[in-house]
């Protein structure tokens, strides 16, 4: 029934379901995109530099004559992969440590919470920049930096969820049934903290994409010529003023569209997860 | 009661010290992990010999052990000495003194802008829950939340400055030809108002509009969502039902019963938004050549200029701690149930 | 002489995402002047919804139909929302189950009380005069340290105290009718009697009619003149309290009493009732919604409209086969 | 007086009475005609001409605020109206009214200019010259450079009398006078500087970093790092014609598109550091005025680490040099805004450098060379770019990656922050990267000495060749023109054959000027020479 | 006299309030429980009755005092540590709010089987299934509902799942913490009867914690009355109701509404 109610809300909330559909489509593009794009996203062509959008080049070409449509599509894979990996790492680490901290309390909670307080007090973007700078300009360090700066959100979420459920009936029942602390955390608390976590994940995927492109925009992280939306925007930014708006517009549009869909989906999921927000 | 509150505030500030210490340690370690030898960077002349570089390293104290460097750094901080910037060659504190007001003014203005947009819209959205207004607002705010500030800024510059020519040049706080009012608060608008120079006042305000809008765009969605959620929770609550049952006029219910209660969760978000605006406006500052601490510290970071980065992180952390405290105090002032966490 | 409150044929449905809920079906009841009527039933029986329907507080998704919802002979249904505002709190007041959450947590209780008074003041009532009248009221109903209480926030008061404040709030504008919705079910037994005594004697003194919504039959019998038994949105029995509770005529009333510990000697004397409340989202609800749980059920109960039996002038039972 | 100005003055007087810091000096009744607004990408980081860690942009201040004993004269640029360029062969007096070189060339005597003063009114004397040069040969930043002109020790500098200053040299050196014209040997107000010197800091480095003690055509009236600096005309300047512009307002605008927009809308008078594409667009549009001046001593190249495999093999370096898509790169990256340094003839006739290397894209030849080197299947390598290099570096890297891919070489592009880049260069840890360099002194042997020899970072290709070292030594003091020419031609041949640096081009220094601005002079350092600028 | 199953000696429980202050929730409470007995624990909210129940169930550690169960001292075991103790299978608990006490993500069968998997010996799938079905049957839960999730069940059915989970390992002592207070009267009678039947069938001993004095009177052998953490009065149910010794007990009993016993006189009808 819960499932059918969820489906019902999904159906009723057009925005959410459209967002979900677009995300599925984008994931498909991320997987199959490189197979279906009309041009090699890396191939330069001096004869076709900065062509406006046309039937041949739907999104036009960039300053090296590369097909922007192909690059935008292929970039989906990298941007999504980074976002998914980063969010997966931070979510897994964050909720595990958070749930332990919240449930067990005591000195463990004290220490981890202080550490997270320190992390929260850091200016996020600067922290991400510094981390990428430290670990070197690579996809891995963008993933690592993004997951580190997102860790506190999951930690806090899981910690509050776990702490609020410490004395809830089914945890007491679990103890009565002979479950150890670890078993209580991983069999009872974590699965039940999932709905808010899923909402957070959905919103976070969007932020992670934004973060990646932000880093790329200031020249950190992914190295060219890898197609990446942030890099494309950064490269195109200087061309906007000379009228080649398509160099910025389409990667930006792809970026906005995917972040938008993730946040819309997260919003919708939140409404479904939290019955009070329902009408 | 007053006395107790003061004690609690003092206690809270004391409790923030370990956090700040943690920030100092992490920053210190992180920044020393940065690739690049500051002595080499500083000795920018490619014609310098190894001896020259070593001499510079000694002069910068980088030949000492990291632990020793840390103790020296701590001692300096204790004396409010944040060192000198390699990039600008000035004391970091002086650099910040010149830049922080610009960042603060922009952040405050952007913050005000986002509140002015988000809060009424959130209330409206809650009042007309699930109507087309609500749906439209949610779609628009979701789009705005998805818009990277730098992209939005680019679009604004392109449309309003480049194409239409109605926006001022996206460079700095004043036009290149105008004379800045004497620095009193460091806030260009306020300083202009202080000497009654309204032309400069309006110019400074106009200059802030596009960067502030670019910064505000990310904040509108979370604020609006919290406002909407808080308002819905408040409207669904027993006390609103009771107030209606007692015939209290609708206006009064909205303004004196629902709104204050709905503002409570928004307060926390406001804190988050403001601190993000202070710490994460780097790209906007770069885009608009805004003379703030954001672009300053990014330059420092890429130039392995230790002192400004350390100071920047510390300052933002202090602002964050103060902001959290301010939000706590504000919450306690509004909500009698809210206890300042000691 | 007209009754203080008269409800005829009240039917209410909720439109929800999961379907239409048939919450109330042809409910009729009346409360005379100065009378205390208990509205009893299990959870889900529709008793609170009935109370809210009178106050028009059911929310935007409620569809209400009634032939009559009259206060002192005037049908309220024709009133605009704005006009209805003057009824709420002024002529009909309401007391809620959870007093603590029914008071604005950010407002001193004294301010909430003056708000109510000023909302209904015929001419501009100064804040000062309003406060004075509130203080009088608090003292009159025997709240100790009334002055201090006015400066307290709800969170600083006990549940019992909050409920006393709510009683004061209800009495403040000298209403003709008070709807008390489970006013003490969140309280401990010892506090419960004190608060109930306070509420009922205050209403008696002022001649205020009370519609007392509760699931506690003993409590109802201890304070009320008449009792109305509801089940699944239907009114089943309506009569003098002692008759309904001591010699119930409707099978449901009787089975409900049998399942309760009152007057029993041992656990073995408890007689569980069969079945569950019907799902009110069903579109094929039987005519008598108790039919599926009833031991006396026959075919007519499911299909034909239920007749009203009158064992005595003041006692009505809606059943084909009532007990004698 | 306009109302606003009156208010400003009134308010500022009031404020200064309160002891508050002033933003800028209030005396600015001039209109826009007297003020030249400049937009730059990078901010100066010191006022000190010998400041440790100075960046190129700091020339914009130190060059215009200080004078030197002598300076390069200027000559009109060929094919350009209203534009001048420094004349390396014409060295004229500046702080020194005149100078005299002894017959044997080991003594140079300078006569200081009568009546010339520093900004604080103190007369400029030979003592100041002595202190300034002592300082310059002592500080690490300037020491090495001045050494290239045989200026190494304070003992060489003598105050003959208050107004006569003498330099003695161990031997005649044609690099001495040019070295006195560059940035470092600026004449500092020694009395003022000494007031701020300490025992730990005898040369007042700390103070001079953000304070000026000069006597040049401009004074610094406001400086906020990374934001702006304002220079005001020094009206009592005696060492030449007083600047026409009363004030230079320079703003630092890191975003190129914003600089371009301001240039196009003529909101700024002088805009620097625009991309080739922006410049080309403006030239195509015919508005505003673009001055592209080529500095023959500047070059953009691809450095191949000659000591690191596989680039330690000359054949591999040549193969790479044949794989570069020069013309494509020149057009699509630079939009042809420069002088090509590729496609030259194999035979060397001219004794100048840099000159076009005899390479063009020839993939077959590249493949053959690789095969000859025993790497027919190619290899893997890394191409490093400095993240601060901006718009040109990435396309170069991408085109290189694509082109090398065609001869079987797999290239990974790595982008590192400039801070790290410096260290990697110093550590000689990079196999292949973009190197940008330029010599202040135009002699070809000088160029080879610093870019194709030495152990310092400037030897980008990490090139070690005994013959080159020998030639570099031999040409140092060579005065016989024929011998010199022969040896230089041999060095050029080595550079062509060994290609530790694949030269790409010498970029134009493009400057966008509003219609009102005239008198542009290009200096060897590529930064702004402000004094001659005037507005019509 | 039957043997003593459980003996609590001078149990004290303090909850820290911060800054060295404590709330004493249970204050030196001692009692004995005989095998097969039903001990009612009554008191108003804040009386410490639930805390006492949790200490006996080893969900909470006591601050002071001893808990002897089946001649073993359990005082050193609590919470997660008790999970490994021998007596864990013998002490089970039924909770107040069955919706909260059932893991919302598990079907009823899995919930009931959890104690077997954690504590029980048979691990074979069909043996576990058989045990689960037996317990469900005893608790009056239709077997067809075993695959339902808690939110798909009615309140009464949830209570039965909770009971089935508690009895599946045949414990000796069942602690019932307000097991019916969330239920309507008609369901309460069902659950009470089920519990009475189980006790007869499985030879269980009950500690029945409740605020409902009407109910506790019917089912308990002995009653403990608690107030503000302290034990006020203890005695056999009948005599305690008939002749309470302590003023507080008297006040409590007097406050119980009784059917047909008017408290505020009705006004004469005005017609």
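Brief remarks on what is shown
Going by the order they are written in, the chains are A, B, C, D and E; count residues from 1 in each one.
What we mean here is this: contacts are C-beta pairs under 8 Å (C-beta built on N, C-alpha and C of every residue); 3 or more make two chains touch, one makes a residue touch a chain.
What you see is a predicted model, and the numbers here were worked out from it, not measured in a lab.
Minimum number of contact steps separating chain B from chain D: 1. The greater number of contacting C-beta pairs, out of the two interfaces C-E and B-C, is seen for C-E. The chain with its C-alpha centre at the largest distance from the centre of chain A is C. Greatest Cα centroid separation from chain D: this falls to C. Once the centre of each chain is set as its mean CA position, chain B and chain C turn out to be 53 Å apart. Taking each chain's centre as the mean of its C-alpha atoms, chain C lies 90 Å from chain D.
Note: centroid distance chain A to chain D, computed from Cα atoms, is 45 Å.
Taking each chain's centre as the mean of its C-alpha atoms, chain A lies 23 Å from chain B. Along chain B, residues 34-35, 157, 162, 286, 302 each make contact with two or more other chains.
In the complex of the two chains, the chain A residues touching chain D come out as 42-44, 46, 49, 63-65, 133, 136-137, 219-220, 223-225, 235, 237-242.
Residues of chain B that touch chain D in their complex: 34-38, 40-49, 52-53, 55-56, 85-90, 95, 98-99, 157, 161-162, 165, 169-172, 175-177, 179-184, 194-197, 199, 286-289, 291, 295-296, 299, 302-304. By the touch criterion stated above, chain A contacts chain B in their complex at residues 15, 114-115, 117-118, 120-126, 129-131, 133-134, 136, 206, 210, 213-214, 217-218, 233, 237, 240-241, 245, 248, 252, 255-260, 262-264, 267, 276-277, 279. By the touch criterion stated above, chain E contacts chain C in their complex at residues 44-45, 154, 156, 184-190, 192-193, 196, 211-215, 217-219, 251-252, 254-267, 269-271.
Contact residues on chain B toward chain A in their complex (touch as defined above): 18-20, 22-23, 26, 30-31, 33-35, 129-130, 135, 138-139, 142-143, 145-148, 150-151, 154-155, 157-158, 162, 221, 225, 229, 232-233, 236, 276, 278-280, 282-283, 286, 297-298, 301-302, 309, 312-313, 316-317, 320-321.
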